[in-house]
Amino acid sequence: MALMTADQYRDSLKELKRTIHFMGSKIEDVASHLATRPHVNAAAMTYEMALDPQFENLCTATSHLSGKRISRFTHIHQSPEDLVKKVKMLRLIAQRTGSCFQRCVGLDALNSLFGVTYEMDHKLGTSYHQRFLNYLSYVQEKDLMCTGAMTDPKGDRHLPPSKQKDPDLYLHVVQKREDGIVVRGAKAHQTGAVNSHEIIAMPTAAMEAADEAYALAFAIPADAPGLLYIFGRQTNDSRKWEGEIDQGNACYGTVGGEALIVFQDVFVPWERVFLCGEYEFTGPLVDRFASYHRQNYGGCKAGNCDIIIGAVSALAFAQGVAGASHIRDKVAEMVHLTETLYSGAIACSSEGNKTPSGAYFVHPLLAKTTKLNVTRFYYEVCRLAQDIAGGYLATMPSEQDLKDPEVGKLIEKYLDPGTGASTEERLRLGRLIENMTCGAPLVEVMHGAGSPQAMKIILLRQAALEQKMKLAKKLCGIDK
Amino acid sequence: MALMTADQYRDSLKELKRTIHFMGSKIEDVASHLATRPHVNAAAMTYEMALDPQFENLCTATSHLSGKRISRFTHIHQSPEDLVKKVKMLRLIAQRTGSCFQRCVGLDALNSLFGVTYEMDHKLGTSYHQRFLNYLSYVQEKDLMCTGAMTDPKGDRHLPPSKQKDPDLYLHVVQKREDGIVVRGAKAHQTGAVNSHEIIAMPTAAMEAADEAYALAFAIPADAPGLLYIFGRQTNDSRKWEGEIDQGNACYGTVGGEALIVFQDVFVPWERVFLCGEYEFTGPLVDRFASYHRQNYGGCKAGNCDIIIGAVSALAFAQGVAGASHIRDKVAEMVHLTETLYSGAIACSSEGNKTPSGAYFVHPLLAKTTKLNVTRFYYEVCRLAQDIAGGYLATMPSEQDLKDPEVGKLIEKYLDPGTGASTEERLRLGRLIENMTCGAPLVEVMHGAGSPQAMKIILLRQAALEQKMKLAKKLCGIDK
Amino acid sequence: MALMTADQYRDSLKELKRTIHFMGSKIEDVASHLATRPHVNAAAMTYEMALDPQFENLCTATSHLSGKRISRFTHIHQSPEDLVKKVKMLRLIAQRTGSCFQRCVGLDALNSLFGVTYEMDHKLGTSYHQRFLNYLSYVQEKDLMCTGAMTDPKGDRHLPPSKQKDPDLYLHVVQKREDGIVVRGAKAHQTGAVNSHEIIAMPTAAMEAADEAYALAFAIPADAPGLLYIFGRQTNDSRKWEGEIDQGNACYGTVGGEALIVFQDVFVPWERVFLCGEYEFTGPLVDRFASYHRQNYGGCKAGNCDIIIGAVSALAFAQGVAGASHIRDKVAEMVHLTETLYSGAIACSSEGNKTPSGAYFVHPLLAKTTKLNVTRFYYEVCRLAQDIAGGYLATMPSEQDLKDPEVGKLIEKYLDPGTGASTEERLRLGRLIENMTCGAPLVEVMHGAGSPQAMKIILLRQAALEQKMKLAKKLCGIDK
Amino acid sequence: MALMTADQYRDSLKELKRTIHFMGSKIEDVASHLATRPHVNAAAMTYEMALDPQFENLCTATSHLSGKRISRFTHIHQSPEDLVKKVKMLRLIAQRTGSCFQRCVGLDALNSLFGVTYEMDHKLGTSYHQRFLNYLSYVQEKDLMCTGAMTDPKGDRHLPPSKQKDPDLYLHVVQKREDGIVVRGAKAHQTGAVNSHEIIAMPTAAMEAADEAYALAFAIPADAPGLLYIFGRQTNDSRKWEGEIDQGNACYGTVGGEALIVFQDVFVPWERVFLCGEYEFTGPLVDRFASYHRQNYGGCKAGNCDIIIGAVSALAFAQGVAGASHIRDKVAEMVHLTETLYSGAIACSSEGNKTPSGAYFVHPLLAKTTKLNVTRFYYEVCRLAQDIAGGYLATMPSEQDLKDPEVGKLIEKYLDPGTGASTEERLRLGRLIENMTCGAPLVEVMHGAGSPQAMKIILLRQAALEQKMKLAKKLCGIDK
């Protein structure tokens, strides 16, 4: 069995010496620094649950390479059932972290590269797939956390990579050497970047011949020389180092701890290069990764919605209004929206198909549908949660005041819901709802795995409009 | 192989002599009467496609009783794959009829009774299941079309069956004889009633001990003595006997040809009685049928939406606006909504589970989610279609005027879209969109298989709120 | 006082001998023909209410030309109060007809031409305004019903009028004579066309120099030689000549009785020509008319929604479910949406401004907002109505069967709501809801006074984005 | 002229010595403390604009008591025009603060008490109105900022004030003395509490005879002995003392600086008591205040939306995507929603009516409609803003890193939009959008002036359903 424990995971992060900037200083130890610890904890949950017999069926799988029991986060999907189990695993973990646990990006990168390197070799006679298999075995064996890095800064949106004023606005090869390549550029919004073991870089869009130097996929250790991380801010991040209650979800934080990764002439040995110049395969790779990634949102976000539903239900009980018909109606609506998201993820998985490499791929049209619904329904779930929770969500006193001997008594007295539930319970639930429904998590569901417009453009291409027109014309007596 | 041809189906209907009232007179032959012919044609499509090798995989199945190739519409689901195939079959046929083809109600009735009679016998020691198997074999062998009749008139909604002023407002036993029972009452809104071979009656709601006489399920031939049908009106129904073009979908009509079935002391022999007095199994039977039925709506309505999408796309081409960004955006939205409906149906199927009887049952929570979305998204698809189509949808001249030698020329001239498409094509597409987006089809998606409120009430019961509250409390530090 | 009675109005229509085609034959007398009578009745209501002292304040006004009491439908708005009263009048009448009463198009045409002819004369030295005043006096004095005809067939949407293959696809001058002009072409979707006294034609879009021959506004009697009407079909129109109950709103019908008006070389004397070649004033004229017309939709459609709300409320009582919390919630939502529409119409009126001519003009941005909301909320009101009403909306038996001595009894028995309300009352309410929520009325609210996309494009132009950007930049510290 | 300057306002706050707790310590000077300064600045803007001749017409009024020019925030509405001007003033100021400026609660309290004390005296023979006039003159003369405090903590929502376990959960009289009364309890979520001069307390709900001690309205200086303030937390509040850019709106903050006000046996002299025990007037007072307050939301929130629209438009330009059709469509939608909110506020104002006291009151049904739309559309505006802005909203680096000599260069380089706009401009706009669309401002629009459910319940009462049912029945031939 090739599985790391949560503690081993935390320890392993200490060994990766990297440069992380945040709010004017450097983060030395991500596992203990208060700004990053919650994200480490969320990722650690993926390790913990894999070793819990109760979750083994979903959180682990049998490697088709080694036959060993491995984390499902390093597994190549061997069937539609594998795809479905991935979704269920994501929902399950999200119900235990209430936030992003970051490991899906690596999983999706592995599966995408598995398929695309196979097809590339088949068409071009290259030998990327074997290289990739070696790398995959290493990742599976060590149970590594990989981050799949796709989004380049992009600069002027109207210009392709090679036409940008600054050539570095898309990650690119600056030198080809006998032993490998040197790359420069950056990847933005990178989930789990500062607490992954490996970075798997992929191109951000389909490229043309002129952008050959930007057609690039590879993997490097997260502490490779030349890498620099700038950790982004999140809603209410300062509360992490101010106390506990006001965080809402003190242990696991919110969203996925996104960072800007700067590649300052980083060396990548050839055995870790999986695409280099084959620009005609950038489109398929992007589409593969994005589709796998869209599938996820109906799993993990449904799990997060479950927590929001649970929190407002508990709060409604605490405030004595759980039986009111309008509250019940709103909770039912939240459940309905959540299960709609989940249905999408399940459907695009159970309708998954085998690719030439043997890896299974999600139904791309249904995966897009899933993600597009997430950009709407997660917002509505949050809106309903704020409706049910009440105005105190935005006016709660601080935990420092709650703990103050004198002022605290007044808060206890005046915010007592009068139902037997304690004021602190009420405040804690309020802070959790605030944490999950305000700011960063919403932006993340909007833009992660592609913005709504990206979804719509491709939906139309895959909608078989020609055939639909033909059927319609027949029914109304045209072209009988 | 036990499959009827479409022509055999039409012929078989002539042999069933029944009393059907419509607009003040009687319909003698449903297959040729202009008011009912389109519905017969839609149902006939289910027979036609079963015999088409191209659709064999979806439209037929192997009977687990006889091992013979049978219509999927008489098949007991043996796996999640069977449930998924059912959904795909429904979408496929709906793409060819553009309207309801009515046979799912019988299929759902058969599967529900299969499971519930088994469980009833197991618990109560009755022998309903064997009786039912005999009946099922007969239906499979003859490839009969059954209508599953559930909805009673209900009278005063606040009173149970036995408390109604008029005892007949729920179907009930008026006499128990040695050879069978005599029943009285009515079933409303019955889809496919006037062109089915068999009526399978089931209770409309969970019943208590006091309503024992109303706890009742049985099957009778559609021409059993004492039966009387009153065929309902539909949007623009008179166009069926006025011409062709203005019908929009002249061959297949709109919705499912609903009728009120009156049972005027109808005799049912014991071998066709499947539940009689076992009131505690009425709830499970209703829930079973309703859940199977909710699954359907993500299949057939997605297929109907495909036609609407095809029609507006074809119209946008005919009117030269297919490339406009707002048109493309709206079509993409229609596709998105349609695939969301379909995802729900697929998900509740692939997540289906085996019941004690061996029959597979859909995931009930996801089936509800599917149906609830249909009550919203089908409306929005229609609204968008009317937006794209333009105001002429509501002001088009009649086909009589189009065919008039003099006036017709003016219509041709002035409604010419100027793109090479003909005026008649434009009008035909408009009439099809009108047919599918106005009136009856919308009411049907709202109320078929349960109204929104019914869905919401049960959603909440199946939402595992207790567990969600527990998870939320843990995350915010309550009950650590 | 210059006011016609409803009977005088009906009689006056008989004197107008025009050619109206409908379903293959000709309509001789619109006031008595079953297809058009309801529309005549709806328009007659505007005459009736003007003479009812109870409604005098809203339905009449004092002519600023003659000082006489005139119908508000021929009045030039002299203040924001006049604009507000117009909205209130529209809602009031719509509550009494449950359908379009058609006279607002003429009113809007009169007010638009009043302002634009004034501005045109002022700028170009023409003398259209005096001509128009003479015409206006005539209309006010005789209390005539005018239809404001704007929409040309348009042919290929990508080409301007003068570039169309068929030059007649936009109404244009084919001959200029000493005594007047001869025009050819057509106007589509014309509300109230077959029962107005006068047709006021206006251009359908802003035109360029090349389209000078299409820059054209004038008025002609509705029976001018060369005019031909093709009356369009409406949802369930055949029920008008089949009976009474199934019409739902037997007296006033549905929508506005739209027709295609064909101008086959119609002569217009110069004194009735109000714009001829001054293409640079076509844009302002279209905008003026469209804005006045958008204002209306928050009045009359709110009035129609009031009836839908009233009908479902009455039905909920009849069915004994008026107290259910989900019913109450939906009715409250319908009220909310209706009042939102009304608020828009009131706001664009009370914020109206004086034009150079002295006539008051609505706030154009708020008028667009109003109309855009109508294209959404009227649909939602209908959806909610169908939700509350229940499935019988689409399956009700015909009135012929209800009146059948034998079958009628069964219908009475089985559709009895069991609350004391009669089956017939239940059916009548259902038919009214069907009438108002299915088909034509929805298409009309979508496209009348401009389609959603038209609204959106202009919204953006009038949104003062530059100023908003400046304010935002200042707040975040850019351009301090 | 009785108008304070912004600086005089700030100085005046220093003289009010009150106890304000926040995050474990006390705030001594609200005008300079970093947590409260932005809210003081926002309120100061109301003083500044009143003295700016450009805004004089909207921001000031002529006192009907003294005839002097006073701030509109202390004015009693003398006409519908005054109500309309109030709305326009609120939108105007909100466009300059981008956040709540808090003074409307006082204005609404003054107008409500003006009307209700008049009616109370008229009915009961009391002399509250004259007392109130004296107080009003004082407020107008001194140009004081009052906070209208309504919301009690409420405890167990199922119990009236007098039945609560803790009698203090609703503010009440604990002692009646010759010279005045002593009150105890608290008011929650109080906007502008810590930087107002005066607190005007009103009951939170309609009360019965048993709750006489809780039927209470009065005014006290904000530093009256026994008052204690606990200042609530807001989204990202710590950024106020960490820097400038990351605040987004550094000068004016976000929302209104809500606090919990605890009344620890506070003495109120009789001349400042305006209702004491007259429980039958609590309902009218609550309704009056709530309706005035609902009106506001269509003004100030429209102004805030204007800033959000401006910010995303500026950002779209900076990122070079302002011309994309989907961006334009979304901005148009934001404009549309904003103008819908504004229309509601204008309509309920222009339809305002004179009360017996002479003060004008908004149309209560339309005011509710306005507020209910705000609880939906502000959310949707924010969702669209986050869609347009892009994922960097949730991953932006801190301003400390931007200003770091080394890391700052990398941020400048990689977040450069490549359009000529600077990275800092892009970040500043992003932070402003984050500030206005995340967390507290949304909760505030949801619950301020009443939650959605409160709105819906009363909507129904004022909807004249009886009359609507009557009209509907007539149309379908019932009760002819």
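Note that the chains are named A, B, C and D in the order they appear, and that numbering of residues resets to 1 at the start of each chain.
Quick note on the criterion: a contact is a pair of C-beta atoms (placed from the backbone, for glycine too) under 8 Å apart; a residue touches a chain by one contact, two chains touch by 3 or more.
These figures come from a predicted structure and were not determined experimentally.
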Which chains lie in contact with each of chain B and chain D?
A, C
Determine, among A-D, A-C or B-D, the equivalent of interface B-C; equivalence here requires over half of the contact pairs to be the same by residue number.
A-D
What whole-number Å value describes the gap between the mean CA coordinates of chain A and chain C?
52
Between the Cα centroids of chain A and chain D the separation in whole angstrom comes to 38
Overlap residues in chain A, where contacts from two or more other chains coincide:
326, 329, 456
Show which residues of chain D lie in contact with chain B when the two form their complex.
325-326, 329
Write out the stretch or stretches of chain C touching chain D in their complex.
80, 84, 95-98, 244-245, 248-252, 306-311, 313-314, 317, 328-329, 331-333, 335-336, 339-340, 342-344, 346-348, 350-351, 365-366, 368-370, 372-373, 425, 428-429, 431-432, 455-457, 459-460, 463, 465, 467-473, 475-478
In the complex, go through chain A and note every residue touching chain D.
21-25, 151, 153-159, 164-166, 168-169, 186, 188-189, 228, 230-236, 238-239, 242, 246, 255, 258-260, 262, 319-321, 326, 375-376, 379, 383, 386-387, 389-398, 400-401, 403-404, 407, 410-411, 413-419, 434, 438-440, 442-444, 446-448, 451-453, 456
